[in-house]
Amino acid sequence: MNLIVLLTDFGWKDGYAGILRGVIWNIAPQVTVSDLTHDIPPQNIFQGALALGRAAPYFPAGTIFLGVVDPGVGTGRRPIAARFGSQYYVGPDNGLFTLLLEEAERHGQGIEMVHLTRPQYWLPKISNIFHGRDIFAPAAAHLALGIALAQMGETITDPVRLHLPAPVRSPEGWQGEVIHIDAFGNLATNLRSEHLQGRGQIEVRIAEITIRGMVRSFGEGAPGQYVALIDSSGALSICQVNGSAERSLEIGLGALAQVVFIT
Amino acid sequence: MNLIVLLTDFGWKDGYAGILRGVIWNIAPQVTVSDLTHDIPPQNIFQGALALGRAAPYFPAGTIFLGVVDPGVGTGRRPIAARFGSQYYVGPDNGLFTLLLEEAERHGQGIEMVHLTRPQYWLPKISNIFHGRDIFAPAAAHLALGIALAQMGETITDPVRLHLPAPVRSPEGWQGEVIHIDAFGNLATNLRSEHLQGRGQIEVRIAEITIRGMVRSFGEGAPGQYVALIDSSGALSICQVNGSAERSLEIGLGALAQVVFIT
Amino acid sequence: MNLIVLLTDFGWKDGYAGILRGVIWNIAPQVTVSDLTHDIPPQNIFQGALALGRAAPYFPAGTIFLGVVDPGVGTGRRPIAARFGSQYYVGPDNGLFTLLLEEAERHGQGIEMVHLTRPQYWLPKISNIFHGRDIFAPAAAHLALGIALAQMGETITDPVRLHLPAPVRSPEGWQGEVIHIDAFGNLATNLRSEHLQGRGQIEVRIAEITIRGMVRSFGEGAPGQYVALIDSSGALSICQVNGSAERSLEIGLGALAQVVFIT
């Protein structure tokens, strides 16, 4: 356990994520600290959960994810640490880790969760504003040093869970929605390859446009063309080849995406 | 001394900060290099000083801060390296490190400062444009290798000091100003918890609004509400719960913030 | 070979670059991974090539550059790995590494290039969308582990080469163009110090303005003044002292820049 990966909504400009590193290295000088992203939209637990869900499976066993999207800081929400399968998570108990927890449950992997209650693993002085610095970073650092979860707090079994918008079966196919838009402007929906499996050709309707059929890569479309494809995380996505579907279609998170089975 | 932390106004997009890393690793391959931020507004020494002042105390003894906000590059301004207490600083002599210097002075910690004058610790070829790459990064790397400050240049005792805007005592309380706005849009003033200590209830006036009393955490306010609180660095801040006070109040750096003692 | 440096057009917000790190550390846990930039404009191979060309010479021998600006992902374009002199490159065969290749050729350094064709050095499952994750990151990690280039694929000698816009000799001097604009708004042209050597005074004409003579550093101009100088990468640049020439002149990539020899 020599790797701590940071995900926050702090942005990059103020150095807040740098402060987390300082705190970690003060306690565990040997640990490698890496950024996943600090651009989760402020207080947007759902987008944070998605980003962690996409990335965590690619990291080594033993990786510790320190996730801080924490609108409830300073209130009664619990600080927690957890092990799902072979990876570790430290952050607020607000659903940020739901996708990884449920993935571990689906695969019958070992799950441990504790309410962080032992101040000897925190900074000496705790603000009501920045538990990332004062509680979560030091807890993650102690975890990296080999302190057991059970030593850092009381076991819990009732973590807050995030409810993801599920696609709805329609007479003609599925109705889903855009749940993630990446820096390229690709529109990822909550429809996944599983929803389309065993079906013939489909049509995707979004905004004012209809896309007939799917491509397997961007190169199958002409520049500027809208295409539907299964993206690298397994989601049905609407993309514009060498362009931004987000900007061209003027579409945001939550926009409806309809799939129609046409054969 | 195995950790170099970078703070610059280079932005992230051009790879200039990456070049600093390359230069460092060429000289000191074992050193860990970490970003604090590269989003200091161009040439804004004051914002750079604030970011360093907030973050440095959380880093381990022996950390080397490489700070490059350097509008005077290529002119007579001196390149310097310094030790304040247990930490090291390398960069232009323009006030970027004033807050840390004064903190060390207040605590009676050891202080060493040198004018970097020995080219054997720089790159062989020095541009007039990019001393971050040609002088400061190599100097920081040599420091990490264990070269003494005194070997790298001549002692100085007259560094350029930055003058921070001080809050002014008013008949009713204090008049301060907004000195930092973070990515969340929280407005940090130059008033600190010390200015309010021992006082009863206060009122904060900023832009068109008046906030009565203070909260200890965001969760004590309703979403959208403006609150005043002592932020994680000890500054009186005006925030909008789950929102951006900066955008909602249409306020920028330098805006006046008034504190009135009402009991 | 213990250092992998990332350059992509992924942006920072989605954690895609973090995923590359996870993949690398799964295969080569000891390797240091560093960001050069992830802000290359989407699909802009030329800007990616320039950023690599500026930075690579400052990195140590043995550095592995993992470059992913890859509009042709999932098509016939080849995945490649290469050694130019003492450094390594992994990414799509689309010209992204041309500048470094030509630099090595000019200096008569050793050159090896292979078409990556051995799936045992990739992730088990390959998407058509994200070869950065599925092919390039694992290949770079294996390279870091000491696998020879020749083991990872077939030698090629016909890499795709990028053609850079060359400046044109005019009766009065040179006609060049703006090829890079950095975060400060400095306008770098394709004219280099070599084009001006041995000449007396020059005039630079760009947009509506004429700049007579050159400065050696920003400090030689007054704040707000437009100056021409040789920047830190050797390019003739038009800059505004303590300002943004890009914003003030409302100029973009490709804008013409004329040099007139006046003495």
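Each chain gets a letter, A, B and C, in the order it is written, and its residues are counted from 1.
Definition applied: a contact is a pair of C-beta atoms (placed from the backbone, for glycine too) under 8 Å apart; a residue touches a chain by one contact, two chains touch by 3 or more.
No experiment lies behind these values; they were computed from the predicted model shown.
Between the two copies, subunit B and subunit C, the Cα superposition rotates by 120°, quoted to the nearest 5.
Although subunit A and subunit C carry the same sequence, what matters here is overlap: shared residue numbers make up under half of all numbers found at their interface. Our note on geometry: subunit A versus subunit C, Cα centroid distance of 31 Å, whole angstroms.
Within subunit B, the positions touching two or more other chains are listed as 12. Interface residues of subunit B facing subunit C in the complex, by the touch rule stated above, are 9-16, 18-19, 21-23, 25-26, 29, 33, 42-43, 71-75, 77, 127-130, 133-134. Per the touch definition, subunit A reaches subunit C in the complex via residues 2-3, 5, 7, 12, 34-39, 51, 54-56, 58-60, 63, 180, 182-184, 216-220, 229-232, 242, 244.
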